[in-house]
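One structure is given below, encoded as structure tokens.
Read from first to last, the chains carry the letters A, B, C and D; within each, the first residue is number 1.
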Amino acid sequence: MQSTAEMEFTPQEMIVVAGARILENNKVVFVGTGLPMIATVLAIRTHAPGIIPVFEAGAVGPTLESGLPFSVGDSRTSSRASYTKGLNAAFELTQRGFCDFGFVGGAEIDPFGNLNSTMMGTFPDDYQKPKVRLPGSGGASDMASSCERTILIMPHERRRFNETISYVTSPGHLDGSPGARERAGLLGEGPYRVITTRAVMDFDPDTRRMRLIHTLPGETVESVQANTGFELLVAPQVTPFDPP
Amino acid sequence: MQSTAEMEFTPQEMIVVAGARILENNKVVFVGTGLPMIATVLAIRTHAPGIIPVFEAGAVGPTLESGLPFSVGDSRTSSRASYTKGLNAAFELTQRGFCDFGFVGGAEIDPFGNLNSTMMGTFPDDYQKPKVRLPGSGGASDMASSCERTILIMPHERRRFNETISYVTSPGHLDGSPGARERAGLLGEGPYRVITTRAVMDFDPDTRRMRLIHTLPGETVESVQANTGFELLVAPQVTPFDPP
Amino acid sequence: MFWTGLSPDEARKALVRKDKSKRDKCLSLKEAVDTFIKDGDNVAIGGFVNIRQPIAIAHEMVRHGFRDLTLSFQSGGMAIDYLGGGMAVAPDHFSIKRVEMAYWAHESFGLSSVFRYLAENGLIELEDWSNYNMSARFKAGAMGLPFIPCRSPLGSDILKQCRAKVMDCPFTGRPLVLLPASNPDVAVIHVQAADPYGNCIIRGTDATCPEMAMAAAHTIVTCEQLVSHELLTRTPKDVTIPFFAVDAVVHVPFGAYPSSCRRHYYFNKEHIATFHALATRLQKGHPEGLKAYYEDYVFGVKEFGDFIDRFPVRKLLEEQLSEMENFERLA
Amino acid sequence: MFWTGLSPDEARKALVRKDKSKRDKCLSLKEAVDTFIKDGDNVAIGGFVNIRQPIAIAHEMVRHGFRDLTLSFQSGGMAIDYLGGGMAVAPDHFSIKRVEMAYWAHESFGLSSVFRYLAENGLIELEDWSNYNMSARFKAGAMGLPFIPCRSPLGSDILKQCRAKVMDCPFTGRPLVLLPASNPDVAVIHVQAADPYGNCIIRGTDATCPEMAMAAAHTIVTCEQLVSHELLTRTPKDVTIPFFAVDAVVHVPFGAYPSSCRRHYYFNKEHIATFHALATRLQKGHPEGLKAYYEDYVFGVKEFGDFIDRFPVRKLLEEQLSEMENFERLA
């Protein structure tokens, strides 16, 4: 990480800033645990106070003024919420179409924005005895199935960006073929942006493959590609993402 | 009604008393509107204080101490209830199996305890322009489909007791054939008792046809049969039902 | 056309396009009805029989005039009677094409002569369901599902005249009903309390109001109390309709009168009986009385406040007092 | 056998046979676990990750010892870790055969090394679902339905290893997932308040606790506050678990500690980290530390009160104080 060593902020901080900036004000955002939660709180406290966060444990639209939650079911998500039931209620309203964005993390990703947060190893052979067992879907698969668009956020390491991933936990653009999501019965447009410790990507409208659009401070098109396990498409003009 | 004219209570009062007496203490009773509601309140205030009334609008287990409700969604059903959500919650717990009895009225009944509360006339021909339009199922069809047993209560008039009814709103023993309810996909044992202004009936275990077991004050087997539009089975010993 | 409101896909698209932000949605009743209800709409009517019926909205709809509405509800009383009566007395001004319902009457207060008049004369298209059926259909719509499974109305004639399908369960092999979702164009609902964004608190039975609001493309809410967002969300778990399911919030005290509203007022039994008597005369071929009633109480007034003004204060206090006996508390 | 708990028909019969009367159900935790949980049971675990986890019940289950349990939950944290850790340190005394789940880890507090140890060594049978899948499966069980439709996990590999079926919707023609209901043998749940009959009030997220309680054949509830029926039902709409869905009520203050319980205490992050560190050592082949922890905190104590006594009063007060900042109010 020399490239960013001389700056006053870490890649971990920068990814949160980037995540926050991507979020539009006054939208309903289904917020996954971890980085999405941190970035959403930052967005609400800076340029997007009108964001309506939805947490899968049930809370809709809390002000989050009592602090950063440690869990998407945290007491801090219930205080000053507009609505708080349970998981079914949160996922039902998402399936209905109330969530403009799903903001979700993962451990491994492919060029079409399909995410793995279940296991490393060979599926299905090693499923019952995986090389590495990850936590599992949680609500990620549901967000990916039912939110109108999804924003994916994860550390940018070559081993996490693979042409083929061990297990598809959260469907993205599937095989990228036209209408693939609709044919599968999924709702929503699927992955919209990928935010990492090195760059921001979108998806090519025709091929639905991941495409580099912004580099984070200290990164270049080359350095990002070098840390990506598959060939990245590159937008006509890649612009640098300003530091905080 | 000469037969009861000289008594201190009307058939309307007697049917309520009979209805109340049939209810067992400490059972969960899904209470329909009208006569069932009145009889249940009487039962709770006399021999069966442990009855747990369930009202389709959502209230479970209210004490009903603020008076007789005018509606199954009445404010009086919510006060001191153990649980109050809405219609879906009430019917879901019924479908799950929480209701020992469904207590329901109707306008027309057949020998197998199938009830009509929808229309008089020829179905389906006259459905869109019925001779007489009745209120409709309300929750009756749901109680009949999902309560473990049902108790039917209605005025005893010849025109209301017919071999074939205009419309089956609430399924009873259907055609009476063995396993008819299970084959239809219905839950529960179906009709258990029929309480009227003249008598109490059960259903023959083999044929599932209505069978006279008690006559109300002033009635005889003959007078009850005379006021029934189909042939009633008669239990080995028909006992008179004591006045209040 | 199979779907009588929005199809599941249309319902999803309508919501995706919608501005779901937290904003002030307070309108006058006239503006709300004028903005969100159109001829031919499928309108879901909130409440249950004579509990929390959206009476003020029903009056405004009749005053406004609409053609070929479909009404969807589980059990309806006075609000449905007011709408049906509007069609009976002024068919060229206000008309209902179809009802999807489980029950239309008044429980202890009797049958609906308005319903008998319209149905027995074949003036409206009927689709009968059970209370659970209609409630579950709204629930499916609120869940973004095209259908939801159910036991009822298996074994009944309801199955022979409605759009439900029966299938053998792929897990148990036994028959089960699939109820098609209901996604109405508009839901009209009266609640005890709302904030300007549309968050609602309902006391007593929720009936099927939250499901209707979440299923409909647009929702109009009238409330007894319009309070600050801070007060309303102090107990977020009391909120059963979240703001982004609501498009218009209208402050209308007594908005469910003469039906009842928990914590506020009990039924005006006498007025329900008066209306019933006039409707019965109509059904027997004498519409004059009901026409006069509408001229006097609905068409003859500018807004719902004028309707409430027709009642003696002591009568309104009487209904408030009776409700205080149902739910005793200090001010 | 397709169904891992009760089949829909068995679940219905179990409830029909049950005495559903309003009666005092207060038991000791030992009695409750001993009476209602058996070897081989499918046990639904309440809460969500480290929110309102039934820790006291989990400890008692491990102390009691059970064989071949199936654990069903959406997202689990410390309660699942305590159960899994019990199997890791005393496999002959306590064993889990299978888990049906969506997530097993600790969110901001890290992965679960207990889960990694059990899964990566192939010691438990896995069935992955999503959070909505597991929640909807309990909901279907609570509704008396054999299945419920859903969009997820369409397009994912979850479909390839779970019992869900895909069908083309008979109304829209588009694919939809049918999730088989979950009717566990037992549900174990911690709540903020209960009355002796089993009516429960939950603060903050209900998670999927009401659905679990309604779906299970038996339900054990531990509560922070055991209060009178009159107080608890003064606000009946706050009750999300009705008494007839509950079989045992146990008063266990701090019963979710070191996980958090809204209005009562926030997480004990340090203790969660301590356990995590020992579990990580186990996963790396050094079980001694975790064994010692169980000897000390679980097997070595007679009841949960002794476990709580291991924490300095000021530490417990610290968690109570942090929660007061999350939900400020006067006593």
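Observations, loosely collected:
One rule holds in what follows: contacts are C-beta pairs under 8 Å (C-beta built on N, C-alpha and C of every residue); 3 or more make two chains touch, one makes a residue touch a chain.
Note that the coordinates shown come from a computational prediction; the quantities given were computed from them, not determined experimentally.
Using the contact threshold fixed earlier, the set of chains in contact with both chain B and chain D is C. Of all chains, the one whose mean C-alpha position sits at the greatest distance from that of chain A is B. As a whole-number value, the distance joining the C-alpha centres of chain A and chain D reads 28 Å. Put simply, the C-alpha centre of chain C and that of chain D have 39 angstrom between them.
For chain B, residues touching at least two other chains, in rising order: 59, 78, 84-85, 95, 146, 187.
Taken residue by residue, chain D touches two or more other chains at 144-145, 150-151, 174, 176, 203, 237, whereas all remaining positions touch fewer. Interchain contacts give a graph that is no line, ring or star and is not complete, per the touch definition above.
Of all possible chain pairs, the ones that touch are A-C, A-D, B-C, B-D, C-D. Residues 33-34, 56-59, 66-67, 70-79, 84-88, 91, 95, 118, 123-124, 127-142, 144-146, 167-171, 174, 181-187 of chain A are the ones touching chain D in the complex.
By the touch criterion given at the top, residues 26-28, 50, 52, 59-62, 78, 80-85, 92-98, 100, 146, 148, 187 of chain A touch chain C in their complex.
For chain D in complex with chain B, the residues that touch the partner chain are 11-13, 15-16, 19-22, 141-145, 197, 199, 214-215, 229, 233, 236-237, 239, 242-245.
Within the complex formed with chain B, the residues of chain C that make contact are 48-51, 74-75, 101-105, 107-109, 111-112, 115-116, 119-122, 125-126, 128-133, 135-136, 139, 150-158, 160-161, 166, 174-177, 203-211, 260, 262-263, 266-267, 269, 323, 325-327. By the touch criterion stated above, chain C contacts chain D in their complex at residues 2, 7-9, 144-151, 165, 167, 169-172, 174, 176, 178, 180, 203, 237-238.
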